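Shared chain: subunit A. Partners: subunit B in the first complex, subunit C in the second.
Entry: the complex of A and B
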């Protein structure tokens, strides 16, 4: 059982060929491009959801920040759909891989910092020192703010990885415990099964929340720099 | 296929790829540098471990291994694997 606990996180191969790229591209099939003025129900619901999310997320941004609307909406759709598809049994979730999440976090964070340094250099550098800091504390606080800036992409990636991985592991463990308990005590197995159902509902919520948190934080970093 | 790719992807996305996402391309370059550094460090450490193992077993004193030494090394490795199976 210990060996099978982590097999769902191994990057899948088919006859020796890694198929991770296909799995990453798969969620895009679920979002067909709207080709008409009045679309079918699936596309209309997706359009409504995207409009709702984009209005809420981009209301704080100025003109420069709103040029990132496509990137932010693609990000939340991709992470949300990938996380939700990962809740299907025996499926592989790309967002459990730290490499993938770092690959999303580092370019986006660097983009926000570069935009700030390019268009608002003084204001970006001023973020290293909060207003009203006592004079003796300035050197230490600048160091702390620099460290907190460079930790941002790490925190983005690790937060998503840890949340999704931990949820999948818990589901696996409690599912295994439920199966093992069915032959020992039916009542305990039923209680464990109830916990499993509640946990699965929680994981659905976590999948969407983590996508929203990732995108919101990128949006906030962008807002600080534009 | 290239024409449809250009018509459906490049032309609508051109202002994004060329103007809006300039800083993101910079971030992708930084990320590729980090990946390159990590992979080359990993390769170097694996090569060093292999060299230390080889030199500690008396092979390759001038960084060259003769075919006979290679054969003996291979037989030693197979014996270790078989001994591991027998012990378990």
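Entry: the complex of A and C
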């Protein structure tokens, strides 16, 4: 049973050809670009959602931070659509692979740190020491703040991977348990209900995207504007 | 096999088999040309399958699900209903 649990997380190859590139590029098909003044239903809904999210997300940034609008919006769209598509049966979710999440987290975090160090060197270096610390504690606190800074990209990537993977695994397990218990009834009703509730909670994988972009955004904000 | 209309301006479905190599060589392979070809193909697909009143994105997602069944088939063969596994 152990091996069959994790087979849904291997990168899919069809007859030896890795189709994982196709699967990563698939969500872009579902977001057509608006080409007219009045578009069709799908495009109008997506436009409205993107406007709503971008207004709420970029309201705390100053002019310099708002140049990152395109990056942040495409990030949230990509992660959101990828996670939601992974809830379909038999589908492969690229965000369960730690390699891909690290590839997203590390460059973005490095960008924010670089911007902070370049344009506001003194202010960004001053982040390492919170205000009002007693004098003997300073060296230790600098070390702790440095460690917490460098853990940020790792935390971003591992958080996303772990959440999505854990959710998928739970669905597999509980679904299998339900199927196995159909011969012994009246417990099945309870477990099927648990599956339903779990799936609904897992639909809040979108909330995870919010968490991802929000933490990235907080980091950007801190480094850039303060 | 010469044709009345010059080969250059025909769409793919109208090109006869013997003229296919010359038709392929005729297409412009500049980045702008290939991007234009992808854009045209995408909009043909979109207008045919997504822009309709019934179906739309739901049909695309259903096709995606069926497409994803193929790599999983090998592992799912054990789960068929039979008396002895």
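Observations, loosely collected:
Please note the rule applied: the second predicted complex is superposed on the first by the 185 of 226 C-alpha atoms of A that agree within 3 Å, B and C clash if a C-alpha of one lies under 4 Å from a C-alpha of the other, contacts with A are read in each partner's own complex, and residues count from 1 in each chain.
Throughout what follows, contacts are C-beta pairs under 8 Å (C-beta built on N, C-alpha and C of every residue); 3 or more make two chains touch, one makes a residue touch a chain.
On a predicted model such as this, the values are computed, not experimentally measured, just so you know.
Once the two complexes are laid over each other on the shared chain, residue contacts for A:67 go to subunit B alone; subunit C is not touched. By the document's definition of touching, of the two partners only subunit C reaches A:40; subunit B does not. More residues of subunit A are in touch with C than with the other of subunit B and subunit C.
When the shared chain is aligned, subunit B comes close enough to touch A:108, but subunit C does not. In the superposition on chain A, A:118 contacts subunit B only, with no contact to subunit C.
The touching residues of subunit B, counted against subunit A in their complex, run 16, 20-21, 23-24, 26-28, 30-31, 34.
The residues of subunit A lying in touch with subunit C in their complex are 4, 7-8, 12-14, 19, 23, 26, 29-30, 32, 40, 42, 85, 88-92. By the touch criterion stated above, subunit A contacts subunit B in their complex at residues 67-68, 70-71, 102-103, 106-112, 114-115, 118. Subunit C meets subunit A in the complex at residues 42, 46, 50-51, 56-57, 60-61, 64-65, 68-72, 75, 78.
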